[in-house]
Structures are given as structure tokens and as C-alpha cells.
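After this come two complexes, each holding subunit A, first together with subunit B and then together with subunit C.
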Partner chain A sequence: MDGQVLKLWKLLAISGLLLLQTGCWDSVELNRRAIVSGVSIDKGLTEDKRYSVSFQVIVADEITGKNSRGNAPVALYKGSGRSIYEAFGNASRQSARILSLGHSKVIIISEDLAREGIRDLMDIFERESDMRLSTLVFVSRGQRAEDILSVMTIFGKIPANDLVQKLETGNRSFGYNFRIEVDDVIRGILAKEGGAIINGVIVKGDLEAGGTKSNLEGIKPKAILKNAGLAVFKQDKLMAFQDGTEGMGLSLIHNKQKEYPLLLELGKNESATFSMFKVHTSVTANAKDPEHPVIYISTQQQAALKEYNGSLDISKSSVLRNWEKLLSEETKKEIDAAVKAAMRLNSDYIRFNETVNRVNPKGWKRVKGRWDTIFTQCEVHIKVNTLIRHTEMRTRSLKSSGEGVE
Partner chain B sequence: MKKKGQSNQGAPAGGSGNTATRAENQAVLNISNNLEQTLGNIKRELGSSPDLKIRKFQIGSAEPVWVAAVFMDGLINAVAVDEFVMGALFDNSADAAEEMPREPQERLQLILDRALELGEIAVKDDWNDMMLSLLSGNTIILLDGCSKAIEGGTKGGEWRTVAEPSSQIVIRGPKDSFVESIITNIALIRRRIKSPTLWTEFMKIGTVTNTDVALLYMKGRAEDKVVDLVRMRLKKINIEAVLESSYIEQLIQDKLFTPFPTVYNTERPDVAAANLLEGRVVLIVDGTPFVLVVPTVLAQFLQSTDDYTQRFDSATLMRLVRYMSLIILLLGPSVYIALTTFHYEMVPTPMLISLLAQRENVPFPAAIEAMIMEAAFEILREAGTRMPRAVGQTVSIVGALILGTAVVEAGIITPVMVIVVALTGIASFAIPSYNLAVAGRIIRFGFLVAASMFGFYGITLGLIVLIAHINSLESFGTPYLAPLSPFSIRGQKDTLARLPMFTIDLSPEKLGNMNNDNKSGNDQGTSDSGKDGRTGA
Partner chain C sequence: MREIRIGSVHFFSLVLMFELGTALVVNVGMEAGRDAWIAIFLGCLVGMLVYTGYNYLFKLYPDLPLSGYTRAILGKPLGAVVVILYAVIFLNGAGRDMRDGSALLVMAALNRTPILIVAAMMILSCGYVLHKGLEVLARTSFIIMVGVLLIGGIITLLMFFSGEMEWSRLQPLLGDGIKPVALSVIRSNYMFPFGEVFCFTMLMPYFGDKKRAVWVVPSAILAAGLIISFTALVNITVLGSDMVERSPFPLLATVSKAALSDFIQRLDVLVVMLLIIGVFFKVAVYYGAAVIAISDLFNLPYRTLIIPSAIIILFSGMLDSRSFVEHLEEGAEMLTFVYPVFTIVIPVVLIIVAAFRNYRSRSRPG
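Then we have the complex of A and B:
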């Protein structure tokens, strides 16, 4: 029995040693890592350096540490190569620590690269296990993508986070940009008849000053990151940027807009501005004849009066009912503009193809190959239903008689 | 170990073993007709201990007879000896003096019948029995010319009085706790269960200490099978000394190589009573306030009296908190290690940045850091437990300073690690049962190693092994994970949650069901593993 115990101990000791032999698998201490917050991809200067990739790396000490030296909170490492991974390798060599992509928030693609097509470069973002499919994708509008990553920002210190937050805050209330992730982009590219939509981004102001601390020293920042339009693609090639009504319409069709402002012109110098909320859009189709599908876009929305300078008595429901009609017309115009734009560009990034496929899968298979011709001749019916919920804290405006005069 | 095993087989088990070994040493002693000789023998056997008191006196006026009262000072109730033994003998024997018979046997009978005013009386004719009785605190009355002794129950002496429990504290509930006296302890339980079905058996364990062990169960509620098993295992014990109930616990437990306790212990009479009502067996060992309860299940170690004295909703919440504490205790540091060294992408970015900044100038890898801190914490806790009360304050101050502030200031340990270790430490105190908390503390280190080698993968593997191990445990025929595995809907009323009182009845079916589920396999299994456990020891 003593022998057995001894044997057991020997076995334990040996297996313990074996455990040490393996090393620690892929264990990496945190202070051996450089956390990448954003990646930008530009066109390389020469043929053998096809991509020029920049990595925005977080300098944790500058952000929270007591050991802050008062320097920039992030650093940009840049590398170029024939593929993105090669560029990544080249950039890594400049860094004392392991560039870790697990926390990348944004991927920025330069406009000229996007116009040439992004199919090749999206592969790594899905394949590389460190990256997340939920990383947001942007197109730098007319600027180099690395410039977007080199702007000091006022809130949060990390520019990539600033960009993400701007997008989310904007989408909540006013802007028409919405979250577009790697996953969405890849799905857009893969649809033969359609294309991807990617948010545009620009640096407004002084590019040079934007990258230094002087950007933050004054009350007015010298350069500021800004979402700018939606870049629409035909498959993987950028076709145009859509701003204003078209952009808003696009966001509405995708049912991504939960709230937005709408202004009604009511004659000379008179207008009413509303905040639209609880906006919901659904797209259906009648595709019994897949050669001539009819698309129905239906939007439900509620409105609250935010600003009014006219003289109408808005305590009367007839006035409000009339405005509701006008509001519906406005929204309809926005959606219509977006649909027209897509048809003009002949790219079904508004996903009518999916709708037709859903209601008539067999018919869809027949017309699949010719969809780009059918798409442009689709009959589209837009129906908007608006309900004015309330007029906020006042009824009549200051201009209307009987109130606020004395 | 081998030697012990052999002697085990050689000596007859239990009480008869005592007499056998005694007889070897003191071959020919017995109670003699000659009073002087008997007294001399007693003195010699006890090495003339000064606490042995012998009071010799004469009774009867016509033909006085020498009588001796022998007792151990400090073990007797002095009042009882003075009044009811000596006093009674003098008074009553004087009354009876006229008719004092000549035959020694009849004199003995007369004293028994007429003279002694004690509730507990017996006649001993065996030397060893008499000596054991003497050493237990009884008074031995010897008559000249008679080869028998009278044993008068005068046990007494100083005991700690019933006080508040020190290790199982509750907010609301009875405030008494067991003491070191076995009789008092049984009385504390009997006061709670005034039922004739509460049965008690006594046995003496320990060839030298002759410690009283009481086996309590409720006839009809406790399964006979379990009672028999407990009795059998107690009988098998061959040990010289039993100084605490843990001696018994370690000798009757089902499995030796497990950190988990398979015998429950408590110092609360209300807990013992509740367990008796649920059909469990309670073992009380003389000389310790901790009684044993078998069979037990893991869930029991996470229950507290408060679960039943508080409303069911708060009781359920508190119980869930305890389960959570157990998980934190087991996995706290290892999850932190896994997150920071393997799965940094799982940490939210702002938190990661703060962790990064903290780790910036720390010299050790996170795993080593955790080991250092956990070890430091264990040292501190051990020091705090053994420290004389007067210096206890110092330990906490020094500990808080060293672990809390100085280590971080010096840049040796990251503040987050201090948080993690402190949280684990506090979690270990939230577990009501000390021995389960200790098990958790041991296993925690295993998980720490697994996590530092393989990250969450290692933790997952560790958890699989751990659960498989717990599932393999049994306590006197009851699966350790019951009623979770084997699953019983009835048992769920009082396991993770505590449902309102009216849904819970204490009837022993709760336990019985589990045993019945696999009645056939279990008997064999337990007795086998029981044997293994002991031979391993």
C-alpha cells in the first residue's frame, strides 16, 4: 500500500511537470499588449505596396494612469504591404508590444480604395479570429483614411470611440447615419444585385492641427470628426455619397431611423418643425408577376411639435390633421428620393431583391439574373401615416393673437 | 498503517475491546472481600492520584461494618455525595442498625433498598466496570466482606454553561448552543422534541479515553438502514482517544480523498433538532459542543437557521447570495486571470484600458500576482484565527495596510487584484459552514493554476472534473448533490430557493425519496467506499 501511495505521488509529480512543459498556450500578459482601437486602410503608393494600413493604438497610461506624461492618448502605427496582413506585420514590427485587434472599434476605408472595390480587403476582417464582426466600417470622404484616425477628440480621449459615439448619438435623434458593421458590409457585397452601404466620415477643419494637442487647447476645436453621408455601393464599388433627403430616406427604408426632425414650410416666413418619433418602416411586395413586382413601403410615425412661428390656432384638431398630411408628404418625398437615387445608380442597396425573394422565392429565381433591369422599373408605392401626438408645452405660437402681447 | 490494520483485526471491536486490553495489563484484579485490599488496589491502579478520595466509615451500631465511599474529586457533584450518599448512609443505616444482617450480600441489599437516596444506582462486580464508573464521576461504595460494589450516580463537576453559539451565528433564532457535556446536549435536543420517538443509544469509543458517544435518531423518521450503517461504522472504530467529534467524523466519513465534508456538524441544538425531524442521525460526542449530522448533502452546508426564521423571500435571496459566494470563492481569481491573460477581448474596452494602465509597471505575471495575494490573504486569516484576542486588532490593521494600500503603492500588485482577492476572501466568509469554505479555498488554487495555463478552457475542464467529483460523493447512502442530482421536484422546495413554510413539511420523505431512488446500488456502494476511506487513513 505504501508502494501504491509512492506510485501515485510519482505519477502526480510527473504529470505536474508535463503541465509545465506545454508553456502557457496563448497566454499574454496585458502589459505585453498594445490595444488597437481603430484601423484605417489607404491605397498604397506603389504596386507592390498595395495597401497602406494604420493602426490607432491606445496608450493606457495617458488615459487613466497616474503615470500620464501628458502626451497623446493614442499612437498611430503605419505599415504597408501587398495584403492587409502583410501591412499589419510591417506595422507590428515598429511596436514594442503585440498589436491586438480584439478591441478595434472602427475600420476606415479611404474613398479612392472604396471606388476601386473593397471585396479583397473585407476578407481578412471576417477571417481573422481576433477581429469582431461587429466592428463599424466607415469610408473617409475625399480624405486619407489615416487622417480620420489622427484627430484628437474632446470627449473620451480615444478618437475611434468618439467616432462610434457620434454615430450612435446621431442615429438616436437627428442624423441619418446608422450602425453598419463588417457583417452588414460583407452581406451587402455578396448580394449580386445589390451593394453595401457604408457611413461616410470626414475631418472638418485643420487636418494638421487636428493631430496635435493644440486641437483641444482652444474652446473651438480646430478639427472635428464628423459623419458625412452614406456611401452607397454597387456590389463592392462605391458609387456615390447620399446626403440630405436621400440619406434620410435611405435610413428610413432600412428602418434604422427611430427619431428625426422634419420642417414644414407654411408659406412666407412661417414654418413648423417637428420631431418625429416611434418611426417604423416596413417593406413588402406583391410579386405574383416577378417580372413586374410592386413594392409597398409603409411608414408609421408620430410627431411632436418643437417649434412654430405661424399664426394658426393649433388647439384646433383640423389644423393638426392637415399638418399630419403635410408631414406624411414630406417623409414620402424623402423615401421617394432615396428609391429614385438607387434606381438611377442601378444598385439595389435598398434591398427590394430580398423583399421579392421573400414573397415569391420561385419567381425570384427566374428573374434573378435580370434583376438590374427589372429593379429600375419597379412600381413603388409609398404610404406614410403620421400622427401628431402633442405640441409640447405650448399651444398657440407667440405670434398668434391674444397671447404674449401684453 | 499496516500494523494498525492488523491489530484492528486482532482485537474485538467496541466496548469489549476495552476490557480485553485492560485485562492484559492488570491481569488478576477483582473486587475482593477484604475492604483494605480493594482500596489498596484502587490506589495502586490510579498511581495514588491525589484527586482520588476515599472516605472510610462505619455503619451499624450493634455490629459496625466498615464501608468506604470512593470518588474522584472534581468529577462528582459534591452536594450529592455529601447529602445523598454519606448523609443517607449515616442516617438510614443508623435506623436500620438493629436489623443489620450478618450476611454481606444482605447488607448490600439493605443499603441499596433502604439507605441510598440517589436516583441512579447499580451494583458492579467487575473490577474494570467499577473503575470506569469511578473515573466517570460516580461514587463507588464498598462494603467490607462483600465482593460487590455499589455505584452511585453522582456525576457532576464544573461544565461550561450553555452560551451563545460562536461559530454559527444567526440574526433571529435560538441563542443557545451545545456545551461539552453530553447529557446537557441531549437535554437541549429533548427540550425541542418532546416525542417518545426520539431514541438515543450510547456507546463508548476510544480504548483509553472511553468517550461517551450518543447516537440520536427519530424512530420511524430515520431510515433503519442509515441508523444501522452509522451504528456499524461506529462499532468498527478502533482508536485510542476521541477528543472531539471530528475524530469520529474522520473515521466514519464515506470518502477520504475529497475536500468536501460529507458529515455535517453544528453547535446549534435547533439545527440538530431540525435534522432529526428530517430523518437524519445525530451523533453527540462527550467533551465537545460540535455534534455530527449524517447523512448530509452539499446544499445543507449552504443553509442557515436564518433561512427558516426569516420570511421566505428574503431567505431565498440570502441563500442565492450564498451560492453566488461559493462560485465567487471558487472562480473569482481564476476568471480574472483567464480574462486578462487569455481573453482580453471579453473585457469591455474602458475597463481594459484601466486594467492596462494598472498593469503597466507591475513586475509579476497576473497568475503569480494572484498566487502571492491569495497566499498573503491565507496567512493573514490564519494569523487572525490563532492570534490571542488582545493582539487581534493589530493583525487586521497591519493586514489592511499591507494588503490594501502598501502593496499597491509599491507597485507590486495591481489594485484590481486586491479587489478580486478581497472579494474572494469575503465570499468565503459568506458561506455559513466553515468546512465547506475551506474546501472552496483549497479548490480555488486548483482553478487558479488551470486558468493560468489554459484560460477559460482550463476553468471549464476544471469545472467538469469538480462536478463529476462532487457527483460521485455520497454520505451514508445519500448522493451528495441531491436533490439536484438525482433530481427531485419535491426537494427543490428547499434547496436553491426556500419556498413558503406551508409548502415545506419536515417529513423524512425528503431524504427517504433520494435513498429509495437507487436503493439497490447504494448499500453496497457506501459500505465499500466507507471501508476504503478508513483503510486509506
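Then we have the complex of A and C:
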């Protein structure tokens, strides 16, 4: 009898515990959530609406297809407030579901906000436990940041993912934009002598049409998202955008460029175009005298000939050797342009400060306070080593053969 | 109670899991900035040194826990007072660690869950294991250690392959000289987590192979030191020292950066698991030490003390502070001013008195 009572008690206790097993205090069912794929931050119109924040929310039904109504795959919710979180709250009120930030891929900051400084607005992205440090950061160049998030894209339904992929594809071979995540930006802002670097982004084409499905209907898209330059900062204030050679040089200095194209002008309509690969850059310094540090940038790269319209006989190694020199010169120019630009802007976003600190920590402490005057006077030596392994699938060019016939 | 025997491997894993505990995930030694990993390693060496003191006492009284030989050395009344103090500090340690763990869990993952519920779940599981006995605790630690090392291995590999680690962030090595490192070691690093090994003075008598005991515990401390130091190093190379310094839970941020393209992502859950596992062993060992001390002192059966102690631990942990910030502030003070009394001052007194007595009793016949 006693044993039975005990058993009964045990049974009751266990079923009581089972009750606890079902619930998770923090659970939010998926159909109560709206996944935010991207966040954009614009300058608000008035003082008490300092930020105007837009959230690109994935409409799950449109993505999966089954219950699709054939509408836009994402929706933009917009709110404004004195802080990002207040704006988030205001935007959330318009949504039937809980906006969840955990999966946002991109953060886009408008240029005019970036010029005023981004220190205040980065905090939430670091602090908020839902957000990931691996979220990418962009600056919308000359446009409102929310416009970037309202373009229908060709590959993939979610515009934010499209932007991420464009960045990665570009970095792989042609572009000089590279992955810049929240923590990279924060480290950049924190460096007193330097500044952050953030990818620029623009919408090319018709902004109005970009947000509608008509953007995808024709073969030529009416509006396209595009990476545009690297925004360089002095601490947290945007100074300039670096494009072209300067942008490429910047990416090279940071050792973020693994592959890039390079064209050699060889005079009278002749040129050779190469794809540079296995690029590796290292920066060291000789800072025995921290007042006059000498910076050494050295780059190793290999080149593959992609296009050649000249008449030189490139089955001779001497020609290739000469080209290697010219290529090195060309790369050197790009790096030099980036260094000069940084010195002109007087912001050490190319991280010479860290290099000097690394080799001479004691000396660095002495000059730390007036690094901005020393930085611009830094002696910089750039050494580039290029190797052309082969000329790909042909030796002499089409042109040289034609001339041979005549 | 007396027939409990814990094997060397199991004892090793228990010490290792205890040492890793919360130290693996929380911010350790960051007063030393980017040299934190050096500070941690030095702290570990100091911890081993401190342990040799306990070892001396253990050799004199291989069958008695701290609560036993304290009374043997200091005499019954004074000894009893000291043992009560130790019981209190053990309970406090368990409570503090439980608060640490549940607060971090609530901060990072379970935002809306009441902290009391999280803590209650933890103390329940610890109480259950202790009810099953210390051997079960030790064996559990062995099984879980294998899991933890696997998780650690996976995370480490991922960090290497994801290319997020930048070794240059560690440089300049000792850029501010040895002073901040030494300060950090002195202030708290040797104590947290390495000095905390003093709880094991309560468990040493249950060690199966007394001869090997001398080596097992220090080697576990060393292993833990290397692992924690390496973790700090990874944190700094991935995030940079400033961000680690400002983060109460740096490993979580570090691991959230790890990704192999879009394929393997979101390993944060592994870190949260590490936290829960670590807190479990930390609390269980302190809790066990407290229970043994009380039962030994008052001659009460071990099992009847489990529930009352659990309640004390739960509420002292919950009521010690209003917020996590306050809790950490208090913790820092405890580590600098209170814990050293128990891990160093009292043991040193015990060693001196014991050595003196030993010397006298040996010299008397001659």
C-alpha cells in the first residue's frame, strides 16, 4: 500500500516536471517573427527624430512560393527616433510580427550621417545580443540609405543577400571592396589616429522603378545595386570615397585583395592586360626613431596574361621579365596613390600606427599624441615583386601573326 | 561516505572542468589588455604554486578533508570556527558562480526568462548529481570533458579556417611592460579560476590513488591554464583587445564571427553550452565542498544537507546583488580581499602550525 502511494507521488512529480519541459520562456514561434534582412539608417528630419531607420523584412510566404501572392519578397518598415532602438520600436509598431534582428546581413548608413560621425550609432549593433558582429556595413553614397534596401534584385529574392554576394564576388576577382563587418568598423573608430573603412554602395539607374517588380521584368534591369568605392573615415567621420587606383591600393595595403586586373599601356594602341593573383601584402616598419618612422610595404603577386594586342614575341623570357617590372611599377602606383590619399586626408586608416606600435611600443607611446603630424611625413617604401608564370593558352598574339603574313 | 574512491582520470577531469568552468567564457585577465593570455598563464603557474601548499597538508593528513585537519591542527573550538567560515565561503562561491552563469545565460540567450528559474534549474541538477554522490559527479565530468574538448576543437579549427584571426593584434607583446600583467595576476588572475582549486581540499581524501594525487591536480590546473590562455588569445586575435575588454562574454562574440561561407554558421549555441556545462561543475564542486564541510563538522548525514544547502545557495546567489554589474563589482572585491584569506592566509597558518607541531613531535623522542 505504502509503495503504491509512493509510486503515485513519483508519477505526479514526474508529470509535473514534464509540464515544465514544454515551455521555453523566450520562445517565439516562427510565424510570429518577421526576419529582418537589412537595416538602413538615415539622418532624421528634425532634432527629436535624429535617425530614420528602415528595416528590410523578409516576407516568408513570398520566398517559399507555396502561399506566394506574387508580391514583393521583402517589405520595408520605417521608423524614426532619437536613437536607433527608439526608431526600431516605432517601426515595430507597424508590423504585425515581431521584428527579429538576429539574421540581418547588412547595415547601411547614409553618407550625410556618416559625415557627421557614426560612433553613436554603432553601439547598438555591438551591444544588442541578437545582432551578430559579422553583419556587413555599407555607406550609401550620395543616396538615402533606405533606397539601397528597396531595390528588387535579379539573383535571389532578398536584396540584402544580393548585396552580400556582390561584395564577395567582386572581392574575389575584380572589385576592391572587401568584407567589412561591424567589429572591423568599431576597431577602426577606436583607433584614435586612424579611422574606419566602409564599403560604399549605390543604386545605379531608376530609383523609382527599382522598388517595383517592373525592375525584373525586362532584360535590362532598371536599377541595379552596386558597390561603389571605399568610404574612408577619420575616426568616425567620413572623409572621402576612394575609387579606382586609390581604392585598389587601399585594398592591397590591407591585404584583402587576392586577385585583380591590371592593364599595361605599351604605347601606340598596344596594351597587355593581366589578372593578378596570389597577391600578398605585408607592412612593416623601421621605427628606431619614432619621430621619423620608415614604412615598408611589400607585395608579392603572380600575373596571368589575359589579353595582348601587341607584336612582341612573348615566347622570350626577357619580354616577360620586362613586363614583370612594369607590372610591379603599376601596382606600386596604386599602393602609392592610396598612401598619398590617406596622408592628404591625414587619417591613418592604413594602420601605420599599429605597425609602428608593433615594432617600437615604447617609441610609439612618445609620439602617439602627435601622430597626425608624423604620419603625413612618414617615409614609405613600396616594394612589389611580380611573377608571370605563363602566357596562358597562346604564345605570340594574333597581331604578330598577321604582321608576319604581310 | 568513507568508501568513496575517485579514480585519477576522473579526478583530473573534475578539476579540469571546474577550472575551465566559467573562466572559459567570461572575461578573464583583461586588465592586462592584449597581454591577457600571458597574465592568465602566469596566474595558472601561481595557482599551481598555491596548490603545493594544500598538497603539503594533504600529505600530512591523507584521509582528512580540510574541515578535518583544520580541527586537528588548530584544536577543536578554533578549528570549528574556521571550518564554519570555510563552509560559508563555499556556499558563497557556489551562489556567486550560479549567479554568474545564470546572469550570462539570461543576457545572451534567454532574455525574458526570469533569472531565478534559470538558477533554480541549475541548482536542481547540481543537487541531483551530489545526491547521487561524488563519484557520479567525477564520472560525469569525465564524459562531459570529452564533449567539451570536442567542442573546443571544432571551434578552434573553425577559427583557424575562417581567417578571422589576425595575429598582429597580439603585438606588441608586453607593449606596456610587465607591470599591467603582473598587476592583473596579483589582483585577480591567480585566484580566478586557479586559486579556486582550494575547494578540492575537501575532496582530496576521496582520491583513490593517494600517490598520484600529487601530480593529478597540478596537471589539471596546467591544462586548464593552457586552454583558458589559448581561448583569451583567440578572443584577442579575432576581436582586438579593446572589444574583448568591453565584453562580459567575449567567447560568444568571437565564435559568432566564425563562419565557413554560408555553410557553417551560428556556432554560438556551442558557447552557450560550454557556459552551462562550466557553471554546472563550478557550482557542483563548491556545493559539494560545502556539504561535506558541514556534514563533517556537525556529524550530520551528507544527503540530508543537500536540499538546505541548495536553498541557501540559490537565494544567496540571487539576493547578493540587484544587477550583474553590481555582482561583478562585488566579485572583484571578493577576489582581491576575501578569497585570498581562505586560499592563502588560512592555509599558510595551518601549514606553519602543522609543520611546527610535526617538528616538535618528531624531535621529542630524540
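FYI, the second predicted complex is superposed on the first by the 382 of 406 C-alpha atoms of A that agree within 3 Å, B and C clash if a C-alpha of one lies under 4 Å from a C-alpha of the other, contacts with A are read in each partner's own complex, and residues count from 1 in each chain.
The criterion applied here is as follows: contacts are C-beta pairs under 8 Å (C-beta built on N, C-alpha and C of every residue); 3 or more make two chains touch, one makes a residue touch a chain.
Quantities reported herein were computed from a predicted structural model and do not represent experimental measurements.
Peer 1: With both structures superposed, pick whichever of subunit B and subunit C touches the larger number of subunit A residues.
Peer 2: Touching more of subunit A: B.
Peer 1: Go through the superposed model and pick first if A:132 touches only subunit B, second if only subunit C, both, or neither.
Peer 2: both
Peer 1: Taking the superposition on A as described, I'd like to know which of subunit B and subunit C A:35 touches: first, second, both or neither.
Peer 2: Only subunit B; A:35 stays clear of subunit C.
Peer 1: If you stack the two complexes on chain A, which partner ends up touching A:105: first (subunit B), second (subunit C), both, or neither?
Peer 2: first
Peer 1: Report for A:26: first if it touches subunit B alone, second if subunit C alone, otherwise both or neither.
Peer 2: In the superposition, A:26 touches subunit B and subunit C alike.
Peer 1: By the touch definition at the top of the document, which applies to A:190: first (subunit B), second (subunit C), both, or neither?
Peer 2: In the superposed model, A:190 contacts subunit C only, not subunit B.
Peer 1: Look at A:181 in the shared chain and tell me whether it touches subunit B only, subunit C only, both, or neither; answer first, second, both or neither.
Peer 2: After superposition on chain A, A:181 lies in contact with subunit C alone.
Peer 1: Of the two partner chains, subunit B (first) and subunit C (second), which one does A:46 touch, if any: first, second, both, or neither?
Peer 2: neither
Peer 1: Tell me which partner A:63 touches in the superposition: subunit B (first), subunit C (second), both or neither.
Peer 2: first
Peer 1: Would you tell me the residues on subunit A in contact with subunit B in one complex that are also in contact with subunit C in the other?
Peer 2: Of subunit A, residues 24-26, 132 contact subunit B in one complex and subunit C in the other.
Peer 1: Subunit A touches which residues of subunit C in the complex?
Peer 2: For this pair, the touching residues of subunit C are 107-114, 117, 168, 171-172, 175-176, 239-240, 242-243, 253, 256-257, 259.
Peer 1: Which stretch or stretches of subunit A touch subunit B in the complex?
Peer 2: On the subunit A side, the touching residues are 1-2, 19, 22, 24-31, 33, 35, 37, 58, 60-61, 63-65, 67, 100, 102-103, 105, 130, 132, 158, 161.
Peer 1: Would you pull the subunit B residues touching subunit A in the complex into a rising list?
Peer 2: Against subunit A, the touching part of subunit B is residues 1-2, 340-342, 344-345, 349, 352-362, 365-366, 449, 452-455, 535.
Peer 1: Which positions of subunit A touch subunit C when the two form their complex?
Peer 2: For this pair, the touching residues of subunit A are 24-26, 126, 129, 132-134, 181, 183, 186-187, 190, 354, 357-359, 361, 364.
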